[in-house]
Amino acid sequence: MSGAISFLDANLAIDLALLAMLVVLAAAIAMTRKLLAAILLMGVYSLVSAVWLVVMDAPDVAFTEAVVGAGVSTIVLLGAILLTRAEAEKTGWGRLIAPALIAVATGALLVYAALDLPSFGDPTSPANAYVGRTYLEVASRDTGAANVVTAVLASYRGFDTLGETTVIFAAGVGVALALGFGERAAPASRLMAGATGDHNVVLRVAAKLLIPIIALFAFYVQFHGDLGPGGGFQAGVILAVAVILHALVFGLRETMTAVKPSFARGVAALGVLLYSGIGVVCIVNGGGFLDYGHLFTAEIEAQIPPGLLGDPGATHHWGQHFGIFFIELGVLFTVAATMVTIFYGFAGRSPGGEAKL
Amino acid sequence: MTDALPLVGGGLAIAGVLLVLLGAIGVLRFPDVYTRIHAASITDTGGASLMILGLCLIAGLSPITLKLVIAWAFIMVTCPAAAHALANAAFSSGHSPWIGSFRIMRESDEQAAVQTGPQTGPQTGPKKPGPKKPGLQKQ
Amino acid sequence: MSFLLDHLNYVAVVVLMMGGLFIVFSSGNLIKRMVGLAIFQTSTGLFYISLAKVSGGTAPIMINAASKEGQALAAELDLAYVAAHGLDGVVYSNPLPHVLILTAIVVGVSTLAVGLAIAVRLREAYGTLEADEIAALDRETPKSTGAGP
Amino acid sequence: MISFETLYAAPLELIKHAPVLLVAGPLMGACAAALAPNSRWAWMISVAASIFAAWMALCVAGEVARKGVVDYAIGGFAPPLGIAFRIDWLSAMMGLLISFISVLAALYSGHALRAEVREEKHGLFQAGFLLCQAGLLGVVSTGDAFNAFVFLEVASIGTYALVALGADRDRRALPAAFNYLIMGTIGATFFVIGVGFLYAATGTLNMADIATRLVTLSDSRAVLAGFAFIVVGLGLKAAMFPLHGWLPNAYAYAPSLIAVFLSATATKAAIYLLARFLFTVFDPGSGFAHLFLVWVLAPLGAIAAIVCSLQAVFEPELRRMLAFSSVAQVGYILLGLSIASLGGMSAGLMHLTAHSLMKAALFMALGGVAILLRARTLADFAGAGRDAPWTMAAFAIAAASLMGLPLTFGFLTKFRLIEAALSANQIWIVAVIAASSLLALIYVGRMLEALFFRTPAPGAARAAEAPLGVLVPLWILAGVSVWFGVDASLPEGLANSGALALLGARP
């Protein structure tokens, strides 16, 4: 057991060092008045917290935080400050008192309560000993997925994930309502289109090389999700990043002819429909909503060749396998399409145009 | 022999980390955009390569090594391209190097003024100093 | 001392939450407010993940000792530990908070996107992103615009 | 008890799955609306999905009438492993209320969108509306604390952007929407922190399970903090008195459909969740929850009822007046809940219903007078009562209910509140309600005076009668307000059962 203890101490040291870095970053963001610096620091903040999450044994969350916080959030934030004033107004010291009081009061309550929690890393704490432990014991058996996080996400708490997919869809709807679909996109500027294109030849070649690889990686993450970290959400963001990279290098107009805004909107809606449709199919076949055990009727299930996923000897939960597969596909559709829609909305908003009032 | 490999790998990884640290110091200490990009990109690529090589040695022959090699190939494409994009953006927004501006730059400045003049909207703020995210500026 | 060390992790996460909340309320710039909000939400996630950590645990991805992947994963683990406990005795961290925070991160980025979209519209309508200037512009608007055509 | 079994007819299979279809229906409708080829289709999908949800809500209420509590485990996993819906009379009542208002709002949306929103955005607008509806229905049905957060956010995220769409008429909608977003998100995040502490203390997320495990943990500091964060978070979402700053502008400048829908449902769902946590998860009979009810919730409710009514009295803009009155009415509801007796809670829930009906009618009438879309202040609306008699008559009925005139639902609910306060020996609540009603008399009087007895300024735009698509839902709302004022057996039965469910659900 002594080996495990020293292992823990090294972990704790890394853990606290990373948290200290996060505190410094948060302070830097609070103090800087340069918006660009604040945004880039926030990207760094997300990246460092992703590293911290890996130390905390949460690779799935780390993956998501990295693609979302350091990737999409930063892009969207940069899109929002295009050509605005780069500096925030200085806030007077007097104006900082009330916020500081609120923050300190909240923090004091949190610390007061947190000191009452079981020790950090305690395996017998209620949080770790009750439902969480049960998942570890039964999830693989129930669903056949090695990654318990995927099993819980897609199966036990699949309804939460449906809600999460819906939230993303709602965000896409919201951004499209507020900013449109990028129909006001300026014609590709000459710099990008190639009038002085020799400046960007390196970027174009690199992008041509990278975009297929990124898309391929997205599908790897998608279909590897029940074995390792990853899943529909991460894959969707990565797929969207491939499209966004294309737009950054080749111009928005060019990308919009390849991936039409109406197409993106349709796919986003179809993803949620696919997810909830799976739930309804389970009902029609006699189970409850999202009860993948009833995804297939007995006749269909009997026709699935036992060696479909290799390993013919092992028992399979075909309903769970395919249920998770299909809903992750729905998540992928919605997330990728919505991220593209959001990007179109921001990038297509020409900064000169005044809103019609 | 097999015991030595992880040790060598660890040493290489630590060397890589130190290289990246050097790069970070360089970014803070160097005088202008171009030299800073130089410091950051070279050490990043080199440091990451060393680290990945070290990790490969630790992992031995396994799927992990394959993944590491793929990640390395990815870094070898993206890091230089990103550095190029940064330098390009700095160049096209008229940052002159610390040692003084080049003649070609002054010419292209005039050209750019002619070309992009009418496109600049009324809200175009003053040019921001420091490196910019490439591309986004241009839509 | 040990008590403090046991809870230092929570305290640090709480400090991060306070930082996020402070940025939201203290900055007049709308973009910075959104950045603060994102930090606040991320830090809340960190709090949940702190709860899920089990000492000496590993990521909650079941290791099948017989499979090729299981052996590859075994290579990643502390060798002495695997020798002592076998792969089946591996301690896993709690997966449930991970699932919750995956959802919360997604909710966070959705909020960020919608908030920034509104901010972009605000900038177009008011020409500024400073809360004070927007409030001043609103005060200048006459109270009644009338219902004229 | 009202027999709901007679009110619906559906195949048995459908009834079995009605709890989840109640949420999934509008959700899938939202996707369909986003794909709709044109505005007309989007509107029809929206109406169809809302009617389907209302039908399912009736089925659920029927099941609750038969069984008492309906449990539905999603994915076939029993709680605490899986997420489960747990629908008692209170949830059923809220589901009926939200889906009924949604149907009327969807009917109204056909006209409202044509007048206020650009044609190409109608599909997405309807999608956002249906998503909000699905989210609110999810909040009131779910038995899982974290799932409630997810659905709160489903309901909120779309509405932030929908409120911002009011900018096509008045740019002040944008700062209002932004503020709403910041405050709403902080509220949701506080809620998540609170749920996190409860999870740390109990290890589970299922509300009923948390409640059983909290019995032995009443003095835990983590639980106390969880309680505080949940209350503040939901207080922000419900516009509880000092946390209501976002509400007046958000309601005043939003497109009228959103004002109708949000004022009638969004804060109510948050109040429902607050009551659910206060009474079902925490034990209101002892410890800090009791102290909170007596020393925080009741005074805050009273202050809201007085202060926000005063603000409404001095407010020149009509829609902001109504919004301030909303915060004051939330104060009434919280006062009712804080009495924590069967009568008090039942009165609070009845007032919640009454307020939903009348606020929806008031905002709908204002939105319906199409030509006045740019009108804001009382002066702008001068004489509208004579130009649009039908629309404004419905407005007057709803306003009378807001004031609490006899023969309206609002009178009855205030009467029940006073009764409950008297039987709990809390005379001061009676005084607060009386004072606040007096203020309501003044501000509603100002509105009606301007609408009916003032002549419009020469040359000002005149109101026109609202089209039939507005008048029908509007008069249904007004009619229901009067019907319940005369014969309140339906809402009273529901509210009594709901209050019983809240009080009796303790393990």
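Letters A, B, C and D mark the chains as written, and numbering starts fresh at 1 in each.
Just so it is clear, a contact is a pair of C-beta atoms (placed from the backbone, for glycine too) under 8 Å apart; a residue touches a chain by one contact, two chains touch by 3 or more.
Owing to the predicted nature of the structure, the values given are computational and were not obtained by experimental measurement.
Counting hops only between chains that touch, subunit A reaches subunit B in a minimum of 1. When every pair of chains is scored by its C-beta contact pairs, the maximum goes to A-C. With each centre defined as the average position of its C-alpha atoms, the distance from subunit A to subunit D rounds to 32 Å. Separating the centre of subunit B from that of subunit D, both taken as means of CA atoms, is a distance of 53 Å. Taking the mean of the C-alpha atoms as each chain's centre, subunit C and subunit D sit 30 Å apart. Subunit A and subunit C have Cα centroids separated by 11 Å.
In subunit D, the positions touching at least two other chains are 146, 150, 153, 157, 160-161, 164, 167, 171, 193, 199-200, 205. Residue positions 123 of subunit B each touch two or more of the other chains. Counting only residues that touch two or more partner chains, subunit A has 79, 84-85, 110, 114-115, 117, 125, 127-128, 131-132, 135, 157, 160, 163-164, 167, 170-171, 174-175, 178, 355, 357.
If you check the complex, the residues on subunit A that touch subunit D are 109-110, 112-118, 125-132, 134-135, 138, 155-160, 162-164, 166-167, 169-171, 173-178, 265-266, 268-270, 272-273, 276-277, 279-280, 283, 287-294, 355-357.
By the touch criterion stated above, subunit A contacts subunit C in their complex at residues 3-5, 7-8, 12, 15-16, 19-20, 22-23, 26-27, 29-30, 35, 38-39, 42, 45-46, 49, 52-53, 56-61, 64-65, 68-69, 72-73, 76-77, 79-81, 84-85, 88-89, 91, 95-96, 98-100, 102-104, 106-107, 110-111, 114-115, 117, 119-123, 125, 127-128, 131-133, 135-136, 139-140, 146-149, 152-153, 157, 160-161, 163-164, 167-168, 170-171, 174-175, 178-179, 227-229, 233, 342, 345-346, 349, 353-355, 357. Of all residues in subunit C, those touching subunit A in their complex are 5-29, 31-32, 34-36, 38-39, 42, 45-46, 49-64, 69, 78, 80-81, 84, 91-103, 105-114, 116-121, 123-125, 128-130, 132-133.
The touching residues of subunit D, counted against subunit C in their complex, run 146, 149-150, 153, 157, 160-161, 164, 167, 171-172, 174-175, 177-178, 181-182, 185-186, 188-189, 192-193, 196, 199-200, 205, 316-317, 371-372, 374-377, 379-380, 459-461.
Taken in their complex, subunit C has these residues touching subunit D: 17, 21, 24, 30, 33, 37, 40-41, 44, 47-48, 51, 96-97, 100, 103-104, 107, 110-111, 114-115, 117-119, 121-122, 125-126, 131, 134-135, 138, 141, 143-149.
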